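In what follows, structures are represented as structure tokens.
In the two complexes that follow, chain A is the common piece, with chain B as its partner first and chain C second.
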Partner chain A sequence: MKGHRALWHNQAILREAVFSLNGNLKELGRLAAEVSRFCRENALTEDAEFQLNLVLEELFVNTVRHGGCEGVENSARVRLRAVSDGVVVEFADRGRPFDPTTAPAADVNAPLAERPIGGLGIHLVREIMRDLRYERAGEWNQLRMRRPLAHIDTGEQPIS
Partner chain B sequence: MHCTVSVRHSGDVAIIDLAGRVMQTAGADAVRDAIKAELDHGRKNILLNLDGVDFIDSSGLGTLASSFITVSRLGGRMKLLNTQSRVDSMLQVTRLYTVFVTFTDEREAVASFS
Partner chain C sequence: MIQLTEETRAGWCIVGVRGRVDAESADELEAALRAAIGANGKVAANFAGVDYVSSAGLRAVIQAARAAQGKSVEFTICSMNAHVKKVFDMSGLHQILHIQGELPC
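Then we have the complex of A and B:
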């Protein structure tokens, strides 16, 4: 379930990354390393790497902290695929059923002192990603989404 | 995967230099503890220098927000210095930029507390 392979897409060699994570927050280091390698191999910007890492970190930490995945082997699996208009991300976890597309997000327009604790991570995921689709398949939550090529980038150059 | 926190003082302003990753699993607690320690010593003017912060997640942003509220309720002020572009974009997305005053010049930032 772990590895990279070259794919032909739009006459360019693009690579995908597929890997699994155990239900342990120590896996965050490996998650960041996998995302970094994927972005480097596809000449994506540092902003793209930052945002992909952020989104996956938010989702993964949620499953470990709140989804019941702590201590579960291969509790999450990730697939990253570079496409012509961005990066398609598939995140699946074996946690309790949870649909991030309909879950309440933080009200960022409320006065600071009145903002509820929590929900900010889901808000970030929804703001950064597009075309979010959720389904529950057996014991898996499956979330598919796309990070557009140019979204809230800061105009940085691809990683050299 | 860690955050370093160090504290300097300029007059009655506590300058807290952060570097690395400010997230739930590392860094957020250290930032909160550093601010609390300054408040415990009666220093209510807090300048968070984010120059070396290359990653911040929702918990890190939440820590900034809750610390801002704590400092304000105690009659102090908390401002940001040298936010990098990615942290800036997160402040925009969460609309926290409407709360924080940010500076790019440390001398100017310190003077603003006077």
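Then we have the complex of A and C:
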């Protein structure tokens, strides 16, 4: 590309993964493989890989089961970037408008018999991620958030 | 993708679970746990081989625990790795499920 400048001087921008998913739960295997490769390339911990995979599964499955994305090609786009204080995750989907930052959370203190079955996924996304920002742009839901490098309560050490 | 096994030991039906319990495989787990709960008085899910769980997996376990409660069946989940345990803890499930470090027998 003419006028394109090499980005080698900025590693934070280079260390990224971008991929699309079709609206089908069979894509979960590919999602896991993409997250695994990204984490390996960036020397992230198993904990980071597990939680990034979890957050992306919850968001993606919601779009397929409740957002109307079932059977839609390239219904979701994911961008992962390793930055100095964690991983910035951007998740966009073409489902019906849904703001996970304001959606009601599951009551995680309810007794077994009254424990709601919905809302657990969104609860986990909010537990793990920080700085969640949502906007609706045209036909896309766009969510941007960050997983801190040394996560609260994990005792995980940041990799220098 | 998960692999399931079942064996009986010292009065316990032990359901062995291996692999990834995600939105695709959670129904299979729930069906296996419900079947075991329907046919035994004491059921332990051995999670030692589970290396990933999402909310779909948590739901499968919650539903199984409810079924067990309704039938007065003893139901416990054992031997989770630290990553999996953290997901249960973050969801407050350690308060309502019988989670054990090791198998009961």
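To be clear about the criterion, the second predicted complex is superposed on the first by the 137 of 160 C-alpha atoms of A that agree within 3 Å, B and C clash if a C-alpha of one lies under 4 Å from a C-alpha of the other, contacts with A are read in each partner's own complex, and residues count from 1 in each chain.
In this text, a contact is a pair of C-beta atoms (placed from the backbone, for glycine too) under 8 Å apart; a residue touches a chain by one contact, two chains touch by 3 or more.
From a predicted model like this one, the values you see are computed outputs, not experimental measurements.
With chain A as the common reference, chain B cannot sit beside chain C without a clash. Of the two partner chains placed by the overlay, neither chain B nor chain C lies in contact with A:V83. Of the two partner chains placed by superposition, chain B and chain C are both touched by A:D47. By the touch criterion stated above, A:L149 is placed in contact with neither chain B nor chain C. According to the touch criterion, the shared surface of chain A, contacted by chain B in one complex and chain C in the other, consists of residues 25, 28-29, 32, 46-47, 50, 53-54, 57-58, 61, 65, 106, 108-109, 112-113, 115, 117, 120-121, 123-124, 127-128, 154. Considering their complex, residues 25-26, 28-29, 32, 46-47, 50, 53-54, 57-58, 61, 65, 106, 108-109, 111-113, 115, 117, 120-121, 123-124, 127-128, 153-154 of chain A touch chain C. Those residues of chain B that touch chain A in the complex are listed here as 1, 23-25, 54-55, 57-59, 61-62, 65, 68-69, 85-86, 88-90, 92-96, 99.
Those residues of chain A that touch chain B in the complex are listed here as 25, 28-29, 32, 46-47, 50, 53-54, 57-58, 61, 65, 106, 108-109, 112-113, 115, 117, 120-121, 123-124, 127-128, 152, 154, 156. Those residues of chain C lying in contact with chain A across their complex are 1, 20, 22-24, 52, 54-56, 58-59, 62-63, 65-66, 69, 83, 86-87, 90-92, 95-97.
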